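Structures given as structure tokens follow.
Each of the next two complexes has chain A plus one other chain: chain B in the first, chain C in the second.
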Partner chain A sequence: MLKILIPTLMLIPTAWFAPPKWLWPLTLMGSLLIAVTSFSWFKSTSEVGWTTLNSYMATDPLSTPLLALTCWLLPLMILASQHHTHNEPLNRQRTYLTLLISLQFFLILAFSATELIMFYVMFEATLLPTLMIITRWGNQAERLNAGMYFLFYTLASSLPLLVALLILQNTSGTLSLLTLQYMSPMSLTTHADKLWWVGCLLAFLVKMPLYGVHLWLPKAHVEAPIAGSMILAAVLLKLGGFGMMRMMLVLEPLTKEMLYPFIVFALWGIVMAGSICLRQTDLKSLIAYSSVSHMGLVVAGILVQTPWGFAGALILMIAHGLTSSALFCLANTNYERIHSRSILLARGLHMVLPLMATWWFFASMANLALPPLPNLMGELMIITSLIGWSYWTLALTGTGMLITASYSMYMFITTQRGPLPNHLVALDPSHTREHLIMALHLLPLILLILNPQLISGWVN
Partner chain B sequence: MSPYVLALLLFSLGLGTTMTFASSHWLLAWIGLEINTLAIIPLMAQNHHPRAVEATTKYFLIQATAAAVLLFAGTTNAWLTGQWEIQQDAHPLPVAIITLALALKLGLAPLHSWVPEVFQGLDLTTGLVLATWQKLAPLALLLQIHPPNSYLLILLGLTSTLIGGWGGLNQTQLRKILAYSSTAQLGWMVLVLQFSPSLTTLAVSVYVTTTAATFLTLKLAKATSINMLAISWAKAPALVALTPLVLLSLAGLPPMTGFMPKWLILQELSKQGLAPTATLAALTALLSLYYYLRITYTMTLTMFPNNLSGTPPWRLRTHKTTLPLACLAITTISLLPLTPAAVALVAL
Partner chain C sequence: MSTWRRVHVNLRKAHGLFPVSSRRVTQPNTWKYGHLTLCKSLSTSRPLRDDFFKDLEVQLAAMRQKALDALPGSDWSPLKMDRSLPPERADVVIVGGGVIGWSIAYWIKQKERLRGGVRVVVVEKDPTYSQASTVLSAGGIRQQFSLPENICLSIASAQFMKNINEHLHVLNEDPVDLQFNHSGYLFLANEEVAHIMEENYKTQRSFGAHVSLLSATQLKEKFPWINTDGVALASYGLENEGWFDPWTLLQAFKRKALSLGAEQSIGEVTDFKYTSNIATTAEGDQVVQRRIKSVKVQVNNSLEYQPIECAIVVNAAGALSGKLAATLGILLPVEPRKRYIYVLNCPDGPGLDTPFLIDYSGVWFRREGLGGNYIAGTSPEEALEPDTSDLEVDHQFFEEKVWPHLASRVPALEKLKVTSAWAGFYDYNTFDQNAVIGLHPSINNMFFATGFSGHGLQHSPAVGRAMAELIMEGNFTSIDLSNLGFRRIIQKEPMLERNIV
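Let's look at the complex of A and B:
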């Protein structure tokens, strides 16, 4: 574990001491090496599931895919940020890289934490670099509001989580995930216990986000620079899912009755967020609401607490992470050329940038869950487990998948197909860097078709 | 001010607090508090500006009232229990009066109205002394007389965090913001006083470092209102880059040191079965977070739309002492992993 953590930390001195010409190549190289080394976590030889154990951190089949995704994303973020920071003073570029690297550091600690308070502290710690990335390097004036919404939504829900965790510590004596999984279910009957149940989950539901408390997400995703959008969509939302899956262990007998309002919001959110996507003209906003929609499915899958639900949730989280990040990168290629996020301004790009159109195609198809990509696998497993919980959910999830297909196709056709508008006269050709980012996003996604048990969690 | 007079006043300041620390007799505690008040009065009014004199007058009146009530309560206690010892069991009525007198001295809500106006009339250095050193003696007394089963302390604590948060929301003057912030932080300290005095001690230590770091940062940026912060990035870029971390540590955000007392206090409150109180206190911290964040936005995270080509200030080597600020800033940002050591250190 330290083989990954200490090199990540050492990337910060790398960012500060690198000669100006070598800053970006060096950090990119370092982060790529770390990313490749992080794949070693996939090999698990332990019988209890927890490997790479030390006193504070461990990996298990649930956290390993998320850790690998986090480590994989840093080189992608560095690649994506090169263009929009290249005019800034050198020290600001170094600071930006330090923020990205420290975010990765906190995320690794969060996903590998064995004790819930450490997970909480790291969960909160990720807010700070993200806030700075959004507020300092975002492009529009709305970014100030976006940072406020982001911080306050997350904090208002996670402070009750802290109190709930401390109460859990008092009643069960431990907060170590290794021992909590063997704890017998507590008797949770009073109203206070129900409030405790909500307190445990609210932070993660807001982070996911659940549909009713999702208002921070479109703001934060839209106003963030590309690296911020990538890490938000790919990993930070999954912190919520990961936290939920961990907390479900101890929330045992109460969940069956308490989950009704939240599943309602989750399922309805799939349909509603998808519908909003159909009416969006802001490309990043469209992708942001699409994240809300997919995460609604993940929340529903986790709440029903079945093996297929959990596995589907994890698969969908990883697949959505890669897909959403890829879509944001594609939207950013548009933004860097025309400095507008409007979907109506850069149309018919199939004519001008054909290879980019291929990436748009793959990413959009992944978003609408085309077989045999893992997106579909995750969605199918979740939908199946939901049907097992209640037949009627099929109406909502089926409608949701239909709407997802509609807006993904809408996004693809509007940006790529159709006639080239007359006002597009001077677009940069696609940089190799952009192709590299897209390939590095979509190649793992395609390769995961061949080995999905890497990302299906404890089911194997 | 003449160095002899300054030395005398600073010495008396120290003497007063030390006497209160060392005393076991209510009269001696009162004497220490009075020496403290008297010593800081000339320091506060030294530039003879009308606003400073106004602040000094208000401060003197409040502190004298509080000290008089304290003396009265100590006398009442001697009358009712026959002894003057601070550490011996006291009758609940004088204890309640003493708690309120000390709350007035500290600036806890609802006895907080004097704090913003007094801070506003002072320069940042004297404000620093007021916010840190002057709080120590009353807190020492509170630590010794803390009554068990006291609803009063919890009420004072919660009201302070609430009003400290809400009051600072509408302020643009930095000293008033820091005044409300000190009220809020003191509220946290008082919340846990009756359950775990060692946690109060820890909270005081962290509060002193964090507030001192904030005051010194503002002093270096020579800023007294939020607008004046906007150009600080040109004066000291590295410091301005660190200031968000210092301010958010004051707000109690992990992973900075400021999270440590909040976490431990919440832990103690939930152990005592006061989970709703804990949740409420935690949520009121969000109010204070809003104005800390606003300061962060103006100072670091946004660029003032001013055409600065050619007019940033010269960054000459300063003759001021910056070592305390450097040490305090690092302490404020990075000591959270040392929580077990800190808990062991303050366990009384």
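Let's look at the complex of A and C:
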């Protein structure tokens, strides 16, 4: 664990003391080395599942894929941010990199936490660098509003979580996940216990986001700069899912009755968020709502508490993280050339940027869950476990998959196909850096087809 | 609490400024409802009315208003954003808030398929329109051009204006009344130019304009007040020709565009930021392709400015488009040319069916209103163009250049009184006096809709639609205006009108 944490922490002095010409290459190489080293966590020889154990942190088959995703994303964020920050003063660039690195540090601590309070503190800590990134480096005046929504939605919903965790500590005497997993189900019968159940999960539901409390997500994703959008879509949303999966251990007998409203919101959210996507003209907003839709499926998968549900949720989280981040990078390549996020003004691009059209194709196909990509595997596992819970969910999940396919195709066809407007005839050709980002997003996704056990959690 | 019930101010202690009076200025604060008090204010005098419930209602209304302001869906935010400056980014920036600019904004908003699809900002330097060509125009519309594009644009614009409330009506607002007088245009030709008029007539008829040719005798029959000496042929527009109120059209476009979501900002565009790419042609020549990244808008009379990051810029700046293009280093042959319009009062003048008469000498006049008023003017010779630094009117010009021809053509106008006059600028295309519409070849995202040389107002609806098609759909779909593009200027092939005022 320390072999990842110390280098991450040391990347911050690297960012501050690197000579100006070497700032971005150095931080990029450092983060790439950390990312490659993080793959060593996958090699787990422990019988109990938990490895790299110390008093505060551990990795297990649930957190390892998310940790690897977090470490993998930092070099991608650094690559993607190079262009839009190159005109800024040097110290501001260093600050930006420091924020990204500190975000990775907090995320590693959050995912590997064994103590729930440490998880909670890191969960809150990730809010601050993200808020700074959105409100300082965002594009428009609306970013202040977006920052407010982001901060207060998460903060207001996580305060009950703190109280709930303290109650849990009082009743069960421990908050260590290693101990809690062996705890017998508590007797949760009163109304206050029901409130406690909601308190445990509300923060994560807002973070996922669940459909009814999702308003912060389109704002935050649209107003954030590219690195902010990438980390938000790929990892911060998964913090919510991961938290839910951890908390499910202790919420045992109550979940059977209490999940009804939340599963309803989740399933309905798949269909509604997908339908909103079909009406969006802002490209980033479209991808943001598609995140809401996919995460609705993940929430449903976690709430039914079956092994396939959990495995599907984890697979979908990883696959969606890579796909969504790839789509945001593609939208950013558009934005850097045309300076508009409107779908109506950026059309017919495959005539001008054919290689980028290939990446658009792969990312859109991944978004609509094309077999044999892990996106489909995750969705299928979740849908199957939902059918086991109730046959009627098929209507909503089936409609949801149909709508997902249509808006992904809509996005692809509108931006790539069709007549090219005259004012887009002479665009900058694609840079190698952009091709590298896209390859580094989509190659892991394709390689995961071959070994999905890596990301399917505790089922193996 | 009880101290609040009976509080009064004793003014006898205040000396100096006020006239000393022993009269109590305020009454004791007796509370009608007994010992219970509501200490809602620190005022030491009793309010004028004594109704607890009315005050409560006022306070509740204020609280309700504050809560409404803070609800989602409203504009209120704890961090106040400065809305007086232009937005930081927009998709389309239209430079110039005249009738062409607002027409383009309206049509773009009309063509976005979903609300909020394209963010349009219209930047206008002078919200009072004191020097804008739109509002100083004579307001005529005619189909009698020689260029097919101009004829089609006029016909389409006339159709639009006849059905203007279908297009520009805003819910709960007054309908638009353009005061469109369908009195037609009457062109007079002498022997030398009669053949040009006949050819033009054929072109106009072939494109669907309703024009008729009149001989001198027919002319005299129709309009007995005309002196037909020297007139060989006359061309009279029977339909879709006349004049209307330019200010109403401008405000109608603006109101509808704003209601559809376009934004307005007051300021002057002074600078552009762009990126350059150098490309090499097959022959080895180097071509610079530029792409505008942002437009700098300077707030009037202030040091404040705002760069608007944008995807597309439309130059609809009218008479000042040449100056705007020069900041980018482009040579756009459009410059302001001053034209005078004189308001005449002649009670014995021609009647209510007076068309917009244009003589072959260049002098024109038309009826204005119903009180025997007319407006008249003419184009000065090329060499004697007046100075364009201001809009001062030269009354000598009327005496020397306009009145003699006017009086000889219409004898009734020999005795008249010049009641008023104004001047306005043409956005005059010095190359071929026709519009420049389309993309610039070396600036990838700058569109032009300027250089109309006196017929911009009448073409504004159709030009707005054409520009919106160009921007949103990539090509002209209703009227093909590719001949009016920048190519003819670069290749030096003028498309001249053979009928210019």
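What we mean here is this: the second predicted complex is superposed on the first by the 459 of 460 C-alpha atoms of A that agree within 3 Å, B and C clash if a C-alpha of one lies under 4 Å from a C-alpha of the other, contacts with A are read in each partner's own complex, and residues count from 1 in each chain.
Please note the rule applied: a contact is a pair of C-beta atoms (placed from the backbone, for glycine too) under 8 Å apart; a residue touches a chain by one contact, two chains touch by 3 or more.
The structure presented is a predicted model; accordingly, all values stated were derived computationally and were not measured.
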| item | value |
| --- | --- |
| Overlay on chain A: chain C relative to chain B, clash or fit | fit |
| Which superposed partner A:Leu144 touches (first chain B, second chain C, both, neither) | both |
| First, second, both or neither for A:Leu67, with chain B first and chain C second | neither |
| After the two structures are overlaid on chain A, angle v-u-w for chain B, chain A, chain C in degrees (C-alpha centres, nearest 10) | 80 |
| Partner chain in contact with A:Thr95 - chain B first, chain C second, else both or neither | first |
| Touched partner set for A:Met411, first chain B, second chain C, both or neither | neither |
| Partner chain(s) touched by A:Met122 [first = chain B, second = chain C, both, neither] | first |
| Touched partner set for A:Leu166, first chain B, second chain C, both or neither | first |
| Which superposed partner A:Ala426 touches (first chain B, second chain C, both, neither) | second |
| Minimum C-alpha separation between chain B and chain C after superposing on chain A, in Å | 6 |
| Overlap of chain C and chain B interfaces on chain A (superposed complexes) | 144, 148 |
| Interfacial residue positions of chain C with respect to chain A in the complex | 72, 77-79, 81, 87-89, 91-92, 112-114, 116-119, 275, 277, 279, 289, 291, 293-294, 309-312, 439, 444-445, 447, 470-475 |
| In the complex with chain B, residue positions of chain A that touch it | 91, 95, 106, 117, 120-122, 124-125, 127-128, 132, 135-136, 144, 147-148, 151-152, 155-156, 159-160, 162-163, 166-167, 169-170, 192, 199 |
| Contacting residues of chain B [partner chain A, same complex] | 237, 241, 244-245, 248, 253-255, 259, 263, 266-267, 270-271, 275, 278-279, 282-283, 285-286, 289-290, 293, 297, 300-302, 336 |
| Chain A to chain C touching residues, read off their complex | 139-141, 144-145, 148, 215, 279-282, 338-340, 342-345, 347-348, 419-428 |
